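Shown next, in structure tokens, is the structure this report addresses.
Chains: A, B, C and D, in written order; residue numbering restarts at 1 for each.
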Amino acid sequence: MTDLAAMSAQLYARGWMEGTAGNISVRLDAETALVTASGVSKGSMTSEDTVRVGIADARPVGSDGKRPSAETSIHTALYQVFPDCGAVVHAHPPYATAVAALAARRGADVEEFVGLEIIKGLGATDKVLIPVFENHAEVPRIGADVAARLTPDAPPALLIGAHGATTWGPTLESARNRMECLEMLCRLRLLIERNT
Amino acid sequence: MTDLAAMSAQLYARGWMEGTAGNISVRLDAETALVTASGVSKGSMTSEDTVRVGIADARPVGSDGKRPSAETSIHTALYQVFPDCGAVVHAHPPYATAVAALAARRGADVEEFVGLEIIKGLGATDKVLIPVFENHAEVPRIGADVAARLTPDAPPALLIGAHGATTWGPTLESARNRMECLEMLCRLRLLIERNT
Amino acid sequence: MTDLAAMSAQLYARGWMEGTAGNISVRLDAETALVTASGVSKGSMTSEDTVRVGIADARPVGSDGKRPSAETSIHTALYQVFPDCGAVVHAHPPYATAVAALAARRGADVEEFVGLEIIKGLGATDKVLIPVFENHAEVPRIGADVAARLTPDAPPALLIGAHGATTWGPTLESARNRMECLEMLCRLRLLIERNT
Amino acid sequence: MTDLAAMSAQLYARGWMEGTAGNISVRLDAETALVTASGVSKGSMTSEDTVRVGIADARPVGSDGKRPSAETSIHTALYQVFPDCGAVVHAHPPYATAVAALAARRGADVEEFVGLEIIKGLGATDKVLIPVFENHAEVPRIGADVAARLTPDAPPALLIGAHGATTWGPTLESARNRMECLEMLCRLRLLIERNT
């Protein structure tokens, strides 16, 4: 599936794209990507609500008047760092967002998950370190931080404090699968800690 | 979508309109609005289960025998205060209702949300103050409080202690989007506080 | 809707009828009721998976070989006590079951809900006292307790310690509406207490 | 239903098969079983994404190139121990996984559930002891532990520390029903303990 509208509807149905939040993209070629447009509910968007953007500058290619997602610079930073990255999912799932906010509060720039089987879904076997980025109202600063900090051997997921989570992979399905695993990891973290 | 039945079914499916609770409306013109009827499950209502009411008095216009929602006066108060308000959603989502009840218990008349990205969905950038109203068994008193307290620069959402939440906007979709953001904010509040 | 299969599927989809648990019924006339059969998943039962039973003795009428739900005696006790009762829903929703188990642990035979707006859905205005029954492996003892304790002025809902919840009303929809309100009340109770 | 794809989609829709995790199987005859293939999302797999394996060695029968689930050895161990076992469900439901992780942390090799009505769905009347297995990155070790420890009178469910849960039964529906009951038991355990 490279259909951004169908995948957006799926993620919206899980409650991970509330209001008009959340955005997804697929790489079209070495220089461009297709990203969801700004300001639309992901539960009812159509294939018209997408914008072609340049990977180098996060700006629209051509001029059909639609604005790309305000968070496009996070997507393009990932396409720049990871040559094999074919798709990006940025969402606000509740447990990952809470874990990100808690990490930011204690000043952590990484969240460590050890021993849970589901970390295999993030390409790890025993332990995975998910980077936590500072949230900025001005999103391009987040994108710049991502491009500056991540190296090609990073795990395919990141958290943004008090904001949400981003995952990526060769395909849109793999990026979604990783978001599912990250959200479950964070849900388990909160469930387990609260009962310890 | 100005279809009250379709939107009601959507909100019911999320578990935000339990029993026959919850009601939504759209403005028809400067003087009247269409509101869901009283006493029907929002999961199976049809377009017949709606009543035209006067914005000035919250009373049915004409006489087809259907009673408007008991909470119509909250809707009409909002149409009076906000000339651009085109639709109102009143629901009982679990996290917003719990936050409203907790605020009421400690006597707070406002709930403050700072720093979470999703507050952008309520038109804020860094901080939003959501008013908390006292619950009254006699609903017109809530409507009167709303009309007396809110000013046109208020954020598009309010909480009612031990009762629920109300959001509004130019369209039914925007009012729903804001309810989604408010419920997520409250969910995050409870998740984060419990683990701090 | 008097369609037991459709209503069962709806309640199953909410996660309130796990395994083969949960059962619903409608009154057919003064002497008989139709109840879901024993041992079937409520997510895939058909109208064939129902049994006609006598209200006086909770036994099958006729002999098509199907066994009625093991909890039929709770249903028939309610039809005996409440002449206007037209339908009964017995389910295991998570929050109501947890509240019932916590009440049973502290030896309470009633659970009190005060002030939450959603109690209106149980016919109350300010306060509702939901009776809590002791669970017995032998279900007819629960039915006998219900018949012995409840009077026609009781609210339309009861909890069974470490077991689940039962609601009733003139129609299957009203019994379902009340289960929704009871589960939300219990959910709010747990959310609010945990954060107080 | 012996349709692995339809049952997988059902379990995925509940959020119990995140990423490509989770796997299910049905016994074909005394020597072989059909198991879901490795590395596919259970939300979109088709009947093509299944592999026939030997019960004695957990290896594919024939060579169509598809790899069976990495956890096939857990399934085949169960078919070996329980001659009447016709189907196995292995999943990562959040509450059962959290309970398994908490049990593993305190070094418990069994989780006891007493008195909750829903344990009837696991064939018990008053008490059920669910074995907890140690998680191993190398899954065949889990399968070997299962074959070594379980006896034919064991309840039809097990937990794997920091990993997930497995249930089984004569049919795929019964294995699913039991997973539903196990997950509800674990959910109630966490809800009740947190509020005690």
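In this text, contacts are C-beta pairs under 8 Å (C-beta built on N, C-alpha and C of every residue); 3 or more make two chains touch, one makes a residue touch a chain.
In this text the structure is predicted, and so the values were computed from the model without any measurement.
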| item | value |
| --- | --- |
| Labels of chains that are neighbours to chain B and to chain C | none |
| Interface residue overlap between copies chain A and chain B, same or different (over half shared) | different |
| Cα-centroid distance, chain B relative to chain D, in whole angstrom | 43 |
| Where chain C and chain D are represented by their mean Cα positions, the distance between them in whole Å | 31 |
| Multi-chain contact sites of chain B, meaning residues that touch two or more partners | 194 |
| Chain D-facing residues of chain A, complex | 14, 115-118, 120-121, 125-126, 173, 176-178, 180-181, 183-184, 187-188, 191-192, 194-196 |
| Residues of chain D touching chain A in the complex | 15, 18-21, 41, 44, 92, 94-95, 97-98, 101-102, 105, 135, 137, 160, 162-164, 190, 193-194 |
